[in-house]
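Pasting the structures in now, so scroll down.
Both of the next two complexes hold chain A, though its partner changes from chain B to chain C.
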Partner chain A sequence: MAFSDVREYTHLTDEEVEAIGRELDQIRKEIEESRGQADRDYILRIIKIQRRLAAAGRITLFASFFPPAWLLGTVMLGSAKILENIEIGHNTMHGQWDWMNDPEIHSSNWEWDTTQPAEQWKHSHNYIHHQFTNVIGHDNDIGYGILRMTRDQKWHPVNLGQPVYNALLALFFEWGVALHDLDIGAIRKGEKNPKVLKRQLKQIYKKVGKQALKDYIVYPALTGPFWLRTLTANATANLMRNVWAYLVIFCGHFPDGAVHFTEEELEDETRAEWYLRQMLGSANFEGSKLTHLMSGQLGYQIEHHLFPDLPSNRYAEVAVKVKDLCKRYDIPYTTGPLGRQYMQVLRTIMKLSLPDKLTSHDPPPTAPRGEQRGRRLKDEERPRARSELGHWSSSAA
Partner chain B sequence: MTTQLFAQQRDDGTVDAGVVKKRAIQCALSRICGSCGKSLTWPVAFVGSAEEAAALLFAFPPLHPSCAEELLRDAPGEQVLVRTGGFELVRPTRRGDPVSFRPNSVIEDD
Partner chain C sequence: MAEPLIEKSTLLKRVRTAGKALTTPLSPDDYLKLLNPLWTARELRGRIEEVIPETDRASTIVIRPGWGWRFDHQPGQYIGIGVEVDGKFHWRSYSLSSEPTRSGGTVSITVKAMPEGFLSDHLVNGVKPGTIVRLAAPQGNFILPDPPPAKMLFLVGGSGVTPVMSMLRTMARRQSMPDVVMAYSALHEDDMMFRAELRSLSEEQDAFTLYERFTEADGILTPDQLDDVCPDWKERETWACGPAPMLDATIEHYEEHDLRDHLHVERFTLNLDADGETGGTVTFGVDGPSFEVDGATTLLEAGEANGINMLFGCRMGICHTCDVPLAEGKVRDLRSGEEHDNPQQYIQTCICVPVGDCTLEL
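On to the complex of A and B.
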């Protein structure tokens, strides 16, 4: 099946695909050429706000014996963690601010406030997820190795528990992300090299140790007799960040309209085709400026996937142009209010927890490629996950 | 570039004399060195011909400055080293063409 056979593209001629590519190149060029002091001021301001918010939260928790102070401190700390993880950490590690030549705010040096080591994130997210976006068997973001998110993934009785796994994933999302680069699917099938696994686990263990020491020992100890209240506040702040980050990420690729692909569709694709795949595999959500800030501008997931290394504060203006382009070429531009987008995700998770025959009268919107071709995929035809790692991990093999 | 470099290794363990496209993309996105395969540091270095340096468009993935200097020692006089804070991955517009890399914040030598 050629890439051009993907249903959402079939109306486009080769010339139109190339023209779309040129228009998106131009959008990128305009941002690159205008990138400068205002963008630098933006990220420095956000980092300052985030650090002050975290400090204010920690200080407020010294008075955590007073319940409103506990609540206020927790909310400030949780908000600081959200800002640090999504708007600052995630985007910095994509290289969005590398052009500033600031060694601290640089993709190579940023280590974020969560349990997954930055190095593993840059492999599992920046490379695997962004290069193989929504490609079944390759992109581990499709269900995080524990949820069935498309009918191209074979149903198993264990999928009946999906609503429960989904809730647990949301609550403990930080830990799901920490284990993301291990490739749970490969471990389950016994395909993971034990030496590589051991080395990755060791790196995670070290990072988890640092995080646990900070949130659950040092800061609680600093508040003396109120250590337990501080500990619960820190745990709650982490929980807040977990649920919000889960929501933002799941709304980026699983609402109705986001398309899944198979490996053959990305074989030697051109830049224009890569752009189109990113646009169709992603979904935006609508919200206030604050909502977009707190979601690391990932409400503009389509724009982020088109230009993952452009400064996040420019996605809103890029979105206006991308939406217009999609309208002119009759390409789907998936977006909607955050609540509606998540309800669609939840519906897909619920439906796919059941055997296909029980939902054949009302299939989930992510129709499998096999069915689009008039037949169902056999197990041996289902794609295998990517196994290559950077030298750091693979050298253990 | 005579030694076996990360960006030249195919999945089957054989070595490409040029650059393996999949590896080049991996280096760019995972922020790893095209020579040793380990995480990049600041600044990032590129090594290429004088023409590549003049056009600011390199075929070989980003490198650690120390790895870049090692490569220069292997090919003295033929390659140029450019240091930068950031770079862009330039995907091909035609099927079969390689990806390339454009430094976006070059650090001038003292």
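On to the complex of A and C.
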């Protein structure tokens, strides 16, 4: 259960909140001003490693009849896909490398090695998830419309199956992501414009076609009699990537300590309050340098949410400053070993599959700053959930 | 990633499409360029082969273009060159000084280091052979007609000589030099680019007359002095390239004599608002509609207010959904105060305001 002791941060005055905002702006400025050759060299090196790894994996799999080659090729290909999806693709699409003014590494035209079209991802993730992070009813990443991740989401008997849905989501994560921007919630309520839905589906279909053709037809066919072994290797590599990406993402917002917010929080939210919400709503995890690289530096989820478009290789140094700031203002900074963080996520998924009265009752995981503002809003006074779409998708309407 | 844009051969296009089945969502070129940085047609690239000093402040840079380049530019045209400095690509345009069909597969530009021009200084003094640069295809209407007119006059000042150099070399090689007069103004003798080549050309070619003017000693060449320098200037088709005041005076002079149609002009510098005042005329899309925008209105707000269909997301500089390339002009990032004036650079319209006139690519 996403739980937090609300008293830990209600002590902040408005002045202190604004001061935190100014300090964070300053951290941002320092990184922006010091971006340079070393950062470019970093991303070019990672891209080079990733492409070589992918090529080496594909070539090794031509010997997939030999079991050690199958294993080696699969691991190389899976690692390449992980690197491409998170450290390179996800971060580039956030605009982390746009400052280089390099058209080949730019958020406007990067397409990643997974089933979701980049255009839909940039909308559902960069905009909806990063702008409305952890606000119930606005951020579709809270359980992805499949899982109940907070007590503020009403229990339904369907939720009893959560442990199974969770396992399926982990295994087929890229397919869940592919459908994410369709907004299953809106489709269920019949609020989705069918023309837009058709256009988005068509784009997904095209992307899926190319991806599947490559991994499941062309490469297996090229290896002739051993096609089945190449096919299982490619499928395993995709599976490896799915489970790892799922793990990294779920450890970013659902471990204990990461807070959810009610939509009152959004009203008149200042930039400083937005920063605060990002810090309180995200959770880091600890790990080796390699772990951080393979998770696209998203073990620094708090820093990523504060500064989604700063180069990922700088998050480690930003984290030192943010941690210090949290200590000085007595704000919780959620972090822990990856394994422990995931166990907490798993516990929440299990617990919330049951009705509230059957489980121990923790304080509601919502931030108090919204509640402090007085009475609860009536339904008609509430801001509407975000239903607007990216440019390309909505131009079908 | 974006489809390869610059491949013109149908066969190669098919090969690339077939190869892409193996490399999707990347292009085969993304892997081939790991073997040789010029083996990519994702966009035009080149390798700097040689930096030849012309004067203390000017160098000729010889570039070997990679895949996709066509050596068929017209004499007088310029290219865009993107050079990486401290991790960031900066773009500028320079006239090609080489002639079109020169063998050896290279092109050259001649760059003069400007006092405030940080990129020109880097190109003249800092860039190493072997450096990979990005290129934009030749363009421009300041060109040599084929065949050239019977009587020509070149009025050039400083580094304005470079496009004319390409024209002269072409005519000399084709042995089709008509009656050409060139009036070349430089600060002093050492500042004169291509000095040796121009002087020997005027000795070898009877049809080519070179007039040298050293402005530090003799003052600038004013249009009314044309009668002395080139008495029959009114009968000549004229190409002028150089500093803005020189060009303005020349245009005025030709207009007074009703000869504007016979004057071809190339400007190197854009009129940027130097005092940093924000606000100006913003053009949405090259050849698109233009609107007056004040300095407190972001480009995104201005576009929306005028019915332009613009991409947007967070509207606070986070998500980069609204990014568009700047075609020309200058904008200021309200968040950082930083100003951007690199053509082709992507800017965040939700937090940028115009500084003087600018054009966005939509």
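Note that the second predicted complex is superposed on the first by the 362 of 397 C-alpha atoms of A that agree within 3 Å, B and C clash if a C-alpha of one lies under 4 Å from a C-alpha of the other, contacts with A are read in each partner's own complex, and residues count from 1 in each chain.
The rule is simple: contacts are C-beta pairs under 8 Å (C-beta built on N, C-alpha and C of every residue); 3 or more make two chains touch, one makes a residue touch a chain.
Computed from a predicted model, the values in this text were never measured in an experiment.
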Fit or clash between chain C and chain B when superposed on chain A: clash
Greater residue coverage of chain A in the superposed arrangement, chain B or chain C: C
First, second, both or neither for A:Thr291, with chain B first and chain C second: neither
Contacts of A:Lys122 with chain B and chain C, given as first, second, both or neither: both
Partner chain in contact with A:Trp99 - chain B first, chain C second, else both or neither: both
Touching partner for A:Ser107 - first (chain B), second (chain C), both, neither: both
Touching partner for A:Ser34 - first (chain B), second (chain C), both, neither: neither
Touching partner for A:Ala272 - first (chain B), second (chain C), both, neither: first
Touching partner for A:Gln26 - first (chain B), second (chain C), both, neither: neither
Contacts of A:Gln131 with chain B and chain C, given as first, second, both or neither: both
Set intersection of chain A contacts, chain C complex versus chain B complex: 32, 95, 98-103, 106-109, 122-123, 126-127, 130-131, 271, 309, 390-391, 395
Residue numbers on chain A that touch chain C, as the complex places them: 29, 32, 35-41, 48, 51-52, 55, 58, 94-95, 98-104, 106-113, 122-123, 126-127, 130-131, 207, 210-211, 213-214, 218-219, 271, 308-309, 390-391, 395
Interfacial residue positions of chain B with respect to chain A in the complex: 6, 11, 22, 25-26, 29-32, 36-44, 84-89, 91-96, 104-105, 107
Footprint of chain B on chain A - complex, ascending: 18, 21, 32, 93, 95, 97-103, 106-109, 119, 122-123, 126-127, 130-131, 268-272, 274, 309, 388, 390-392, 394-395
Interface residues, chain C side, partner chain A - complex: 1-2, 21-26, 30-31, 34, 42-43, 82, 84, 86-91, 134, 309, 311, 313-314, 316, 318-321, 323, 336, 342, 344-346
